[in-house]
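Let me give you the structure first, and then I'll get to my questions.
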């Protein structure tokens, strides 16, 4: 579905991505793990065109997208939930969800999706008129995921959905990620610090170190890999 | 590179600008005498000009992007030429000697007018360095800096007028009053950040100017104060030329003093606190830095130099009125700091020289001067937003646990 | 040392006490008011009600609410931030020297004239800062800009900077956030070592339960601004209220 | 590298301009004033006047066999620039200067001229201090000072119009406020008059309704305004729109055709002082015609004053036998009558022209007409 | 208490405030979206006035009826100012998106100087009379001294523009995109907003309001020159900050408060220190409410 071919991306004064190549098949949950600063978030930002790669190709369903502006990429169905949730703090919950559906025209379908979201996260329905900035961290993460879902993503990019959340909430979030993948057949590309949890729901995983992909395998194999265990699983 | 696409692009740009400038460039109306004048040749000029310039513009933008890339690809950060000069003593000392020699010999080689211009430039170096403390180092955007300049100038003018105090007595008083006003301004704006600070300082500058303009009994209002004596030298009577030279050297000395002071302040405990305050106010406070005191010191010290420069200004022009202390003057000084390179002493010096000398020598194009100046500001910021000398702050280098020296 | 505190919407009547040399953890769901609580202690916000008292070792007991952050720091409380707040454009050494700032005295005349004692003080400050960096294990970065440090090192630099203020109580706000297991483990060791060698008490907010459980002498649990539990790690792990509000079932062991 | 190029360019420029002008066998007439910027429209007519006079004289063989050379320098009406301008003129060997235009800039420039013993003659600087302070022995002007204008305005209001309650307004500027201060002083000295309002307005403001309401409430029968026409037309328009028929008396800064054009029908009946009408003077007619012929437009502000000043200066140089003896020139200016577009003039001890004065004009049917 | 006098000052302040508001709206919108003090906004206003004047004069010469002149001149002013705003953003601000805020400010100052002198050189430095486009209606006669038809038009237009802008921002797609962009530009991009277009549109809308204001105000005042933008711009900026920069209703409230402050201060005390008082008032407000009257109080997250 998405094929990244040898991209190099520069961030500030540093080359953040050094020849990254990876592939995501339709319906998969792919997990990208690695230390902080390894370039995981940059990879996502490069896919979305926020920090476009300087060289290399990104192909999404037979289409080169590395030179497209972000809004065109989103239109194609690649939607990201960025690190730190990035809720619009002064928009209400409903308006935030609305922003998720910014590029969609079909009002009826949007309304249906909204009902689905409120079904998935009843707490958001309860807070629908509250400003996004006043939600708790866990609620914000739910809202961020919901906002992305409102765009009807074909490929959902999730950046550190567990960051700074209480263990209980982390568990809920991961359950829902699995559910989204199963129920809507949404392809998910997951970047996680919490490698243990991430690999448990993912099909395949990539390991990243200082801007390079160093390892790729099925999730189960990665969970069993001694190096990975030592470096990322803390076992 | 002159592909068809490029030409088409430029052609469209040219059409766009011809459309854009059509009413203002082509038609001239005079509603007093009811004349309408059509100047079609201007349209052609705009069209051709923008067609050509759009190539240059695109080329420069491309080069800027590539330049960044080149810099990134080359190993390690690029060391600026000024930094190299500053660090290598073999270059630094001769360069400094040469500069010093030039400064000393200068007034004996050129005309009085040239000396005067140079004196003005040095005064702006002082002002720039002062404002640099506030804006460049402490990161407080001050748009009312000229108020302190006015305080200094009026201090000398009024003290001299009423009490006959001479220049040398007034110089420290002007500086002290500048500092005092800096603190006065500092107090109410402590809580404000960024643009709110900018508008309040702008207001402060205007308040001072308007008071000077309106309070006749105090400041003689808009007609100003004339016949302010030039600085004396143990009662020696000077010719005009000698006096001009004398003031020049005076200003040079005070400027060197300023550079010395500012340099030492920047590389001290206080300077460090200013930098930290600029980076992160809250973290700074949490680390035990007294925000109030640190900010006030920045305002006060910045204002001190303005006060000092103000006294010299009054003594140099011998006539002052509120019209010399408008917002544009503040903006001018701010431009020196930003154009030169915020936080860099060398940058400010170069910024002042460029901004004072360039318009002076651009007199040939008199009426296009400010137009050009505006252009330069925009282009400079677009293509080199860090200023002439960017990013050369000297950091404290730790050489090893035994030396503990820089 | 005792703290008594309350009245704020975000933090409601929270009593918390830290003994000399103790490591105490404060846990709870996001938005429970933990960071707000930190901000109140360190003077960034003023609590509307209640008292915060400190009793520094060998000093007088003092009520510190409403004091400015820098005064609080001078009295011996230092903190780190949840979202790293280093001085990005300054070097590692300079960052730590800012921490030393409140222990130095030289003023404008000192800066300008550089008399003997100022030079000595500066030299001492550099040395002290370097020693702190050695303790935290950051000495090899000494001349690097803070922004160029790896993430884990930035977290540790925050601690180094706080430590440079000579605190008797160190408040750490999610020090392990974003660290990998190895780094977290090193942090664990570091915090314990700091307690041993520096004799500081530590109050930390953390989500990493492994770290919290292994480090803390006592744990406070907050939810919706209230304290819902307090006790040793063992007690907390088995407290049904905490499990329901925060930990989730899998920690029941 | 780029920066070095820039720096080198600056150095080269410095070097290029460093050479001082070496006095040739000409008589140099300096012209200082605002020649660019927003006040250029006051300064440029002076340059043109000087050009015409010099062309005329040079065509007749110059003075004492020497050609006259113009040295024009811009001061944008800023004191701090004016000192530089003045030094530049002095540097180039100029001993007589036509200028400057604004009072502030003139004062600043005089500090240089006094010391360098250079004669300056302004066509437009009206600040009384310039001549009355007695500190500027080499300063002259071909325009009457502000106090004369204020005197005329006050006398006109009290004697001719027989008004009692008067509001005095000004634009807080050098010129306007100075004038208003004198008007106020004169009114207060006169038992017949009462100053019911004295106020400075903010120039450039978008609206003056509050001040206008205040005038109305003060019950003033007349407003004496010191300032320029943009503000005057706004105030007059707003007054008339508020259906107030208060008499409006103003100054030379308002006696401008733009004022009538802007205020339109509301300008009718407004009084303004201006230089004595010289439209019958054959020399004035000739000068205006020369301007029209050479530049293809009507002359601007202070053109005739500048024309007269240039003539007076050059005449004095001729009578003094050159520019070497400054006191001889001063003496000649004081004693020798010159025939100029302003009439036959010479100068008093303080430097004010004798025979130059103001008259009162009124807007009638869309034009200024001299009253009396 | 002289009630009529008070009423007159009140209405005077209202007119003045409305004038400030029309310019402040553009300031505040641009600031809200890219946090840039668009120093050149006043110049856009000035260019609007000049375009209006030029077009109106040419049309009058060509013998168009007054109403047509009014409409065409206003439209031309709005269109041209918008184009200038659009172009200015592309040249002077867009390349500076990632640069320090101060650089953008200096660039704006440079732009302001450039545009001022561009008009000065291409046109004139003198004041030019501006035709009165709104007739001084006679049927107001008994009340005409209190408020003129022109003033009523200005106040009405301001009110209408503010309401329209508010509706635009609250309910339209573009408005939503604007709000999202102002809160988190990168996130807005990630939801599919074309941020460049949104920023351009903001400049266009802000410039259009300024131009509309320019035509009305110039016709009210009766004259323009190249420098009017600077003074008006500063006042509008003060108004925008006073009301809470970034907020549309805030700009109007701030402008009205400023207008009334000046009017009443002049009326009851003295216009000598009118501006001094206005600035002191601003300082006092900001000290007690550092983000302006209707501004969001931005507590920094620690």
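Just so it is clear, A, B, C, D and E label the chains in written order, and each chain counts residues from 1 on its own.
In this text, contacts are C-beta pairs under 8 Å (C-beta built on N, C-alpha and C of every residue); 3 or more make two chains touch, one makes a residue touch a chain.
Note that the structure is a prediction, hence the values are computed from the model and not measured.
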| item | value |
| --- | --- |
| Given subunit A and subunit B, the chains that contact each of them | C, E |
| Chain whose Cα centroid lies nearest the overall Cα centroid | B |
| Longest centre-to-centre distance from subunit E, chain (CA-based) | C |
| Relative to subunit B, chain with the most remote C-alpha centre | A |
| Most heavily contacting chain pair (counted by C-beta pairs in contact) | B-E |
| Distance between the centres, which are taken as Cα means, of subunit E and subunit A, whole angstrom | 42 |
| Inter-centroid spacing, subunit C versus subunit A (mean Cα positions, whole Å) | 32 |
| Centre distance in Å when subunit B and subunit E are each reduced to the mean of their C-alpha atoms | 29 |
| Subunit D and subunit E: spacing of chain centres that average the CA atoms, whole Å | 36 |
| Subunit A, residues touching no fewer than two other chains | none |
| Junction residues of subunit D - those touching two or more other chains | 37, 40, 172, 200, 258, 261 |
| Multi-partner residues of subunit B (each touching 2 or more other chains) | 31-32, 214, 282, 367, 370 |
| Subunit C-facing residues of subunit A, complex | 35-37, 135-139, 163-169, 171, 193, 230-235 |
| Subunit E to subunit B touching residues, read off their complex | 31, 35, 37, 47, 50-51, 53-55, 57-58, 61, 76, 80, 83-84, 87, 91-92, 95-96, 99-107, 109-124, 126, 128-131, 234, 237-238, 241, 245, 272-273, 275-276, 279-280, 282-283, 286-287, 290-292, 300, 302 |
| Subunit A to subunit E touching residues, read off their complex | 48, 50, 69-71, 74-75, 79-80, 82, 86, 88-91, 95, 98-100, 102-103, 147, 151 |
| Subunit D-facing residues of subunit E, complex | 2, 5, 8-9, 11-13, 15-16, 19-20, 120, 125-129, 132, 136, 144-145, 148, 217, 220-223, 225-228, 231-232, 235, 262-264, 266-267, 270-272, 274-275 |
| Residues of subunit B defined as touching subunit C within the complex | 261, 264-265, 268-273, 275-276, 279-280, 282-292, 297, 301, 393, 395-398, 401, 404-405 |
